[in-house]
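The structure's right below; bear with me while I get my questions together.
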């Protein structure tokens, strides 16, 4: 049986925690090294002291990045690091011949100036941007198979792109009419210790944030523009739900005047587009998804309905899984030729 | 000091409960009679047995409607009844000379065929529709002052109409582009004992429902069409939040090509429109409201921003207060010439 | 009409926020000054910028403590300050002849060494400890009437003492058998920005903390020992509920062998003990309280049942109201000879 | 590789749902038949229509019990049925030579009169009570290995018994002093469509129920009395938490006068007692468990501390897993000689 020796840099963060949970259940993975970002100071920690739920399951040490160990013990390294930190590690990992799956935004943008505008730092590794593959299997499976450096998509982009791709693949939508009203659970913000994420602020509340100014908008625009061959500029408003996990995106668009649908109905169009996908499920026509059905899974559930002038698409994912760590594992499976569902179902 | 003798029919429901809470704090109100709908059978109940939180505050009896008592003891009757039930009571109350504030949808539609289509019953009191006044003080204060029959607005319409009225009052918006993405706490559904409203279904979940098919859409369209003089047909998608109270509506619309704003900015337009309103608060330009700031109050907070082609307005209310019972009290204050804030601040 | 000119020091904290809300509804109170603790640096702030929900209701400035203004404008000052900070203000306020209601623990302990052990600081104002009155109206109303310095009780002690006092007033309970298993919403911790109070830590969780080591245990022991004339040492375990407001305390104790109840049943004993109390409600025998019925009120609901060898008492309060700010207002009403319910019902 | 052909009767209930989720991840299980209780009428249903989250994972039909299919296709049958329903199925299943794991209370009591008192029905299968094995692996592993009929423990008893067994195994505790204050998430009530389980009732609330009168008390007493050789009669008060999953039990007991601990400390006693257990984790001395660390796992976390006269033990489990379905799978693993963690870690 194939064994992949996996290292995680950033193992003590929230994404790292979820990733460990998934990898513990993956039959082809050996967790060979856990590392923090090396920035915090402080000595090694037993990972089950950091996350007591791993007690008796994974009681190994998490240290600062140990390059000798990485070189010797790891085939693949996941970077579960904040944006702007990953690019400090990627060049050396690639030069050691390691495969890299980066869960940050650092390698998602072909054009570094877009990244620099939204993430407000200078990109320090432009040389490797070109070989980075955007890890959305439903659109880029062929490239993922041979990727050495994989840029795992953002959570909102995953939900929005999967909702829109089937419509943009045909000449149906008025590309200037797209509105994405997205709602996410708080885990999207990791575990930042800030007043706005206290229980007493979130519980019983709901609000929009970064209204039409979120850094995931350019990511959505880049991927969908490239995919459709037309320059898109979507309206994107994220909101904060008082739940832990899940994103539901409600997408509105106008049909082009005179557009004709080449399918029994619009739901059929989506079914055909995703018919071979193991992790996309299309709801019956006129039925829409909910977060509970996808929470704790790698599925993206999608419902769509044609209201004449307007089309409404709703997609739901678990932001930490299909929107982050589980999609990363799906990508790993593809990169290693494993059945795509391995460790995920 | 003026004393209004108030009766409530439907006092044992959720709206009734909230209304009692408000009226207990109103210095000019004497609660003179509590009645159920008369449909359930069962004898009188002490209201504090139904709602233990009223123990030692209001321990009077709630009986089936007692017309002799209503005639003798009540000046004004609130109908806190389900849709299609209120219209059984209104004609007799009016013939007794009582003022009526109906919290159901029965008298909200000038055109009974719209009502009949969405509420799926025949309207039994078309004669009184004409004299019913739609109780949104911000648009109809003058008429409310002399109303004998007041139709209290729906919760979603309150939030949507207040968000859109200032824009429709000027020639700024493309009226065919309006999208209202609304999110409500579960109390909007009253306390229906149905599987979908169990804690184990709502907690951790989020979903759309009645997608572009909710009965509040025609209410919004009727009021805004009449107000703007143009026939509107908004896209309206409600969602269910895992919280108890509050509605946040995110409204998207396109500017008319060549439209010119006659104010410093769009926020200024809103400030001017609502400058005399005691219960509408406009956020600073580029700042948006949240549910926590309006929960348990009669306020509607609104934020708006001009993004060039697109305008985004977000409004927040407490669906049980500004969206129902407190707005009814505000209307009562207007009908009796009391300061509008009495009992509400 | 009597007008009390009130100042609040610590107005920008969570207790201050709740206190302002209450005082805005109090017909005999004029809020004459809002002050922060003076420790944070930073200039004056409009209180409705700190708490947007007060916009259009209270838009006055909150500054560092302004002694000239306090001297001139305030009759009574509430201290809504952290423990160990209040005692910096009390001596000067008393010397100016102001009445003081302190919501911290600084003046709750007759014996400063107990305070110093649990709060881990030296007490700086032992001189005034003697004149401080413990503000639990149900036990100390007479003294509260003439208090100049009132020590407002802790939240857990309020719930525990009210549950136990009727039993300790008679010779029924084995004083060594008392176990208090208390559960509190997170607002008990104020709005501390710490990892453990994040939504993602609290939601879906439940845990004990400071197991039999909480600083409210000696407060309970002091008050109940003095009240019963016997030295008590209760077992007290607080737990953290994933809700915002409310404390429910489940209290277990053994009956003394041969003890005889001088009432029809134990519920009757409680009813008699609290028969004149406006804010204590006793549930029917065998029926127990819940947090929802007391949330947002100043009530303490109590249920009790005699199980033979064992007696179980359960009490419920809103920790921020009867457990803090509303009890402070109740005390103010008593101190000024106002009807005790004023502004609270 | 061993394959166990498993049938589930009661597959459309909440316990059935969780059991399916677990069995889908178990490498040695083939789900050979899904059946409802046969009582509801209605035809076969695709299980993924009942539980949309299983779409594309398990799309087989759930029918009324099909005895021919059970006989032919199933080695083991799980009964995920309400109390008093399981005993209608057990005799026939045993006579067909099937192994049975019953998740209801029907076979938990050696003495049917105790069952009949608390469950308020006549026991219809007393003959098989004798061979039923109580499926708590930590106490009865040897008997479980050869069980044909396994009575899976209740959720509260699992948490309480594991907290108390190490203390009762030695002569340390005053057996008459035991108080169990237990708190459970709402999933313990399954998905009953009753007013008290609505989101609007549970959210923000906390309350005790069946105070010292819950049907799990006699189950705890039976098991611990048999285990300790002394007749126990614990005080047991369950409470309802506003969360979905998890039980935390806080257990209080007095030490016997003069009792001597034969371990470094009481935590050490627990560690030794459970040293070979794969699913019991003992916290460091003075540290206590929380629900989040055991939610979605089969672990029972326990913390204990000796306070002199009093000992406090706190245990935490996931009520649907270690308290129900995952413990059933653990039992199945033991019955079939599989490694006990299979499919559970």
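Read from first to last, the chains carry the letters A, B, C and D; within each, the first residue is number 1.
Definition applied: contacts are C-beta pairs under 8 Å (C-beta built on N, C-alpha and C of every residue); 3 or more make two chains touch, one makes a residue touch a chain.
Bear in mind the structure is a predicted one, so any value in this text is a computation, not a measurement.
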item	value
Per Cα centroids, the chain farthest from subunit A	C
Repeated interface matching A-C, over half of the contact pairs identical, chosen among C-D, B-D or A-D	B-D
Geometric centre distance via CA averages, subunit C-subunit B, whole Å	37
Approximate Å spacing (C-alpha centroids) for the pair subunit A, subunit B	40
Inter-chain centre distance, subunit B versus subunit D - centres from mean C-alpha coordinates, in Å	47
Multi-partner residues of subunit D (each touching 2 or more other chains)	201, 203-204, 242-244, 292
Partner subunit B, residues of subunit C touching it in the complex	24-25, 52-53, 55-57, 204, 278, 281, 292-294, 296-297, 299, 301, 345
Complex interface listing, subunit D residues touching subunit B	14, 186-187, 191, 193-195, 197-204, 242-244
Interface residues, subunit B side, partner subunit A - complex	176, 179, 181, 183, 201, 203-208, 211-212, 235, 237, 239, 241-246, 248, 250, 252, 288-292, 295, 305, 307, 309-310, 312, 314, 316
